[in-house]
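After this come two complexes, each holding subunit A, first together with subunit B and then together with subunit C.
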Partner chain A sequence: MIRALTAFARAGFLRLVAYRLRYVTGILTYTINVSVYYFIWRAVYAHAAPGTELRGYALSDLVTYVALGWIIRSFYFNNIDREIAALVEEGQVTTYLARPTSLLQAMTGLAAGESLFRLATFTGPITIVIFLLFPVGGPAGPAAFAAFLASAVLSFAIFAYLNFLVGMVAFATRSIAGLISAKHYTIQLLSGLLMPMAFFPDWLRLASDFLPFRHIAHTPAALYLGRAAGPELLGALGQQALWAAILLVACRWTWGRMVRRLVIQGG
Partner chain B sequence: MSTPEPALQVVALTRTFRVFERRRGLVGGLRDLLHRDYRELRAVDAISFRVAAGEMVGLIGPNGAGKSTTIKMLTGILVPTSGEILAGGRVPHRDRIAHVKRIGAVFGQRTQLWWDLAVIESFTLLGKIYGVPAAALADRIDRLDAILDIGALLRTPVRKLSLGQRMRCDLAASLLHAPGLLFLDEPTIGLDIVAKDGVRAFLRDINRQFATTAIITTHDLRDIEELCPRILILDRGRLLYDGPLDRIKAAHAGRTRLMVDLLAAAPLAALQAIGGAAVTWEQVGPVRYRATFDRRVTRPAELARALLNRFAVSDLQIPEPSIESVIRRIYAEGAVPPPEPAGAAPPPEGGRR
Partner chain C sequence: MRRVLSLYTGFFVQSLKARLAYRADFLSELFASLLATAAGILFVVLLFHRIPDLGGWRREEVLFLYGLSLVPYGIFNIFSINLYEFADRYIIEGRFDRLLLRPMPTLAQLLMERSRLTALQEVAVGLGVALWAGARLGLAWSAVDLLWLGVVAVSGAVILLAVFSILASLSFFFEDRIGVNAPVWNLIQFGRFPLPIFGPWLGAVLSWVIPFGFVTFYPATHFLGRSAFRTLCYATPLVAAAFALLGLAVWTLGVRGYRSTGS
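After this line comes the complex of A and B, so read on.
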């Protein structure tokens, strides 16, 4: 079980080595994204006195928040949903059913390998470029930094499981291109990648407390900034871990049902 | 001598699908939104057969005959509507994971290798999935390399392989975990003649060396001739024939055809003089003629010699009947040769519909 998972991870790692151009354009894309939000936030704070805080964030905090959000995105990102949609379209799911492995194991394994690859080769350079170009602050302390690292790993799990669930819809509807792009924007907004939850209207902030999305970008960045300490820090990590566990159970349940449906109805 | 345990035993296997029947026209389309009409389709209809260990069996039939549905049920990824399958003491769909661990499957149209990975990496990954120890895997790859000659391809990404090379690697991939039962769905589809010959030779070697039981579906009669002493013919879900290929061919020897192109047109009567009443002649082109005869009465070679002696012949051929035409004739004429006396399936029930 675990052996197969690490084998998939190895394969995912190797698979990415094949694409060098994507690597270079990736660094550029991420730098541009951070630039855009950096200048937007600078414009927002332009007429305020230096040191002004909006909704509890100074400009320097926001720059750090946005930069960290993109830096960890370069690690946790994957295309599991698209890959499943492609498998369904090509009728390749049969191949997975005819093997002693589950699609969930295969997909999360491959994605984990890709993420480790990106962490080693991609996240590093992006971090350096972003820290050189923009005034990004350091972590609030060693505990905050450790919590941030653990949180980023949980971001990977939540993002991967959400993508897997979106991919599962492909079995029912054939084409999920629309759903994938809807999910993309939902996550971009509700994960807190664009701005901290504090900037949301009250009702949306309240709603996001009951959704898994904010744990993808907001929780790790907030931990880095030291917005939660002591029991609160553990509480934030615990909530994130709980969501990862809930989504994992949901993925397993959905895949199990999908297998039964495929096997009984014949795809 | 006691009868060995069969590798595969199938009894009255049936699978039906519910097919959505569309109404016609605009009003019909609107009514479809409210209420759908379904029709029941019997994709596989009460087929029974057994396969002995080490046997290579051809599963043939026209498109829509139920071959893929049968293979899906045998591999455990589709639940039968009724009937039984027993493979190595297991019911495939009830024990899917345990079953797929000891079978191999190659689908000619698809690859089971990872597109962007070097072949050896896909092999390593498959080895892990099937729980093959590293040393055993290396040994297995060596042995497969000796048969399939894939050593030079191992470091190449799958997307850069030719179709023939890919098929060899796919065959190797399906055999890494030493499966006792191998399903090959059109293993030579899309390959050129040289590659087809290669794949057939590999399959024979694999069968000989590893005693792997194999079930092969194909549209290519040559695959069957060279690989499968025994064939199962399916048509519209029913098992029409279970026995050696030779007997099917013999049963159709009465409709052997010979095509001849002459350099100049000749009167049909002149051709009719050849072979006598046992041969029926037709003109099918400006200089092309077709003889239909029973090869048990008239020897094709004698017919050809007579033609060459009396006419200026530019081309002459005795085409093999295609699987489709043989099956179509079996179906249309109900001309099923008698079943094997022992071990074979009972004849399809109810006869023609």
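After this line comes the complex of A and C, so read on.
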């Protein structure tokens, strides 16, 4: 099983090498996104005394928060949902039924390979450019940094499983473009990528506590900033791991059902 | 002249029919597009939930800008899809040869061949937000204001079309999929906020290199009564005309150098 996963990871890796030039423009795109939110937050604090905190965040914290959010997004991002939709549309999904690996293993394996590849070729350069351009702070400490790294890996898992679940809907309806878009904006907002939960109205913050999305961007960035230490740190990572596990079970269950439905309809 | 005009409308209507033929796709696209618009507005609303002002700009002013920016952006988006996908669909897959055979300017055909009527929701939602925010700001719409609103909508759409036509023209020379559209498309969002918050360097780029500042911010200062930007505000139609000419020139140059991939 691990060997199958590495084979898919290798294929994902090779698929990305073919489009090298896109990395340069990709780095530019991420830099532009960070700068939009950097300048917006800078304007928010424009008339405040240096060091002023709003909702528990000084400007320097927010800049670090936003920058780290986009940096790890360049690592965990994937298009599993779109890819499954394309496989279903073109009828190629049947080939995955004949293979000893499930679609879930194949898609997450490919995505993991791509993410590992991007870590070196994309996330690395983006990190350097963003740290050079913006006053991004360092991690709160070695433990905070280690927790941040572990948390970013869990972000990948949660993001990949959510995408897989969205992709599963393609088996039931003809076009999932609207759903993919809904997922995109839900994650962008409720993951905390654009602003920390502390700036949300109370009801929305409360709702986000019971949803998996905040563990995609907010948890790793908060860990980096040292917002949790000791048992709290482990608690945050544990919650994230729990969500990843729940979503994994949901993916397996849904895929199992879809396979049975497919066989019934097949001919 | 009338013949040409009826030719254009006929062509455009035909492309709309093709889009509307698949109703489920159309509705799905409309839903996705509405969500994108709503998410953008929601960000501004949430941002101001805990914050009094943005570098000296009040919530209603920023919302007015944001809403107004969706009007030219929506008009642009009716025609934009082929510009984004020009390299893939027309150069690499060889569709451009077909455009050359027809008795109509290639750029006009390209813009009208695959239109997205769903983008009209951006115009409608944007106008709604701008009117709401304008009412809160105590804006009284005079005839001149309404006329200026029309000028802003058209100029802004023309600037966006010109910039992305220039980018599409690059594909005549570099068949490679460089993907330069994505970063420039992301720059559009700077034009939805008060330009001064982005500092002098970025402000200069957004005014004189890729003039997204003229799509909304500068012309909008007419409504917001910020007289510091008066000259640039009323220069908007000129900037739009200049970029339209530049866009056409670069496009013509590109078509002249075009060699079919022959497939």
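In this section, the second predicted complex is superposed on the first by the 266 of 267 C-alpha atoms of A that agree within 3 Å, B and C clash if a C-alpha of one lies under 4 Å from a C-alpha of the other, contacts with A are read in each partner's own complex, and residues count from 1 in each chain.
The definition used in the following text is that contacts are C-beta pairs under 8 Å (C-beta built on N, C-alpha and C of every residue); 3 or more make two chains touch, one makes a residue touch a chain.
If you're wondering where the values come from, they're calculated on a predicted model, not measured in any experiment.
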### Message
Let's test your reading of the overlay: on subunit A, do subunit B and subunit C clash or fit side by side?
### Response
fit
### Message
Going by the contact rule set out at the top, does A:42 touch subunit B (first), subunit C (second), both, or neither?
### Response
second
### Task
In the overlay, answer first, second, both or neither for which of subunit B and subunit C A:175 touches.
second
### Message
Contacts for A:55 in the overlay, against subunit B (first) and subunit C (second): which applies, first, second, both or neither?
### Response
second
### Task
Considering only the touch criterion stated at the top, classify A:11 as touching first (subunit B), second (subunit C), both, or neither.
first
### Task
Would you check which partner chain A:189 touches, where first means subunit B only, second means subunit C only, and both and neither mean what they say?
second
### Query
Which of the two partners, first being subunit B and second being subunit C, lies in contact with A:231: first, second, both, or neither?
neither
### Task
Could you say whether A:262 touches subunit B, subunit C, both of them, or neither, answering first, second, both or neither?
first
### Task
With both structures superposed, pick whichever of subunit B and subunit C touches the larger number of subunit A residues.
C
### Message
Contact-wise, after the overlay, does A:28 reach subunit B, subunit C, both or neither (first, second, both, neither)?
### Response
second
## Note on the structure
After fitting on chain A, the minimum C-alpha spacing between subunit B and subunit C in angstrom comes out at 13
### Query
If you lay the two complexes on top of each other, which residues of subunit A touch subunit B in one and subunit C in the other?
none
### Task
Using the touch rule from the top, collect the residues of subunit A that touch subunit B in their complex.
3-4, 6-8, 10-11, 14-15, 18, 90-92, 94-95, 97-101, 262-264, 266
### Query
Where on subunit A does subunit C make contact in their complex?
19, 21-22, 25-26, 28-29, 32-33, 35-36, 39-40, 42-44, 46-47, 54-55, 174-178, 180-182, 185, 188-189, 194-195, 199-201, 204
## Note on the structure
Listed in rising order, the residues of subunit B that touch subunit A in the complex are 15, 17, 69, 72, 75-79, 93, 96-98, 100-101, 103, 105, 107, 110, 112, 114, 116-118, 121-122, 124-131, 157
### Task
Provide the residue numbers of subunit C that touch subunit A in the complex, in ascending order.
24-25, 27-29, 31-33, 35-36, 38-39, 42-43, 46-47, 49-51, 53-57, 176-180, 182-183, 186-187, 189-190, 193-194, 197-199, 202
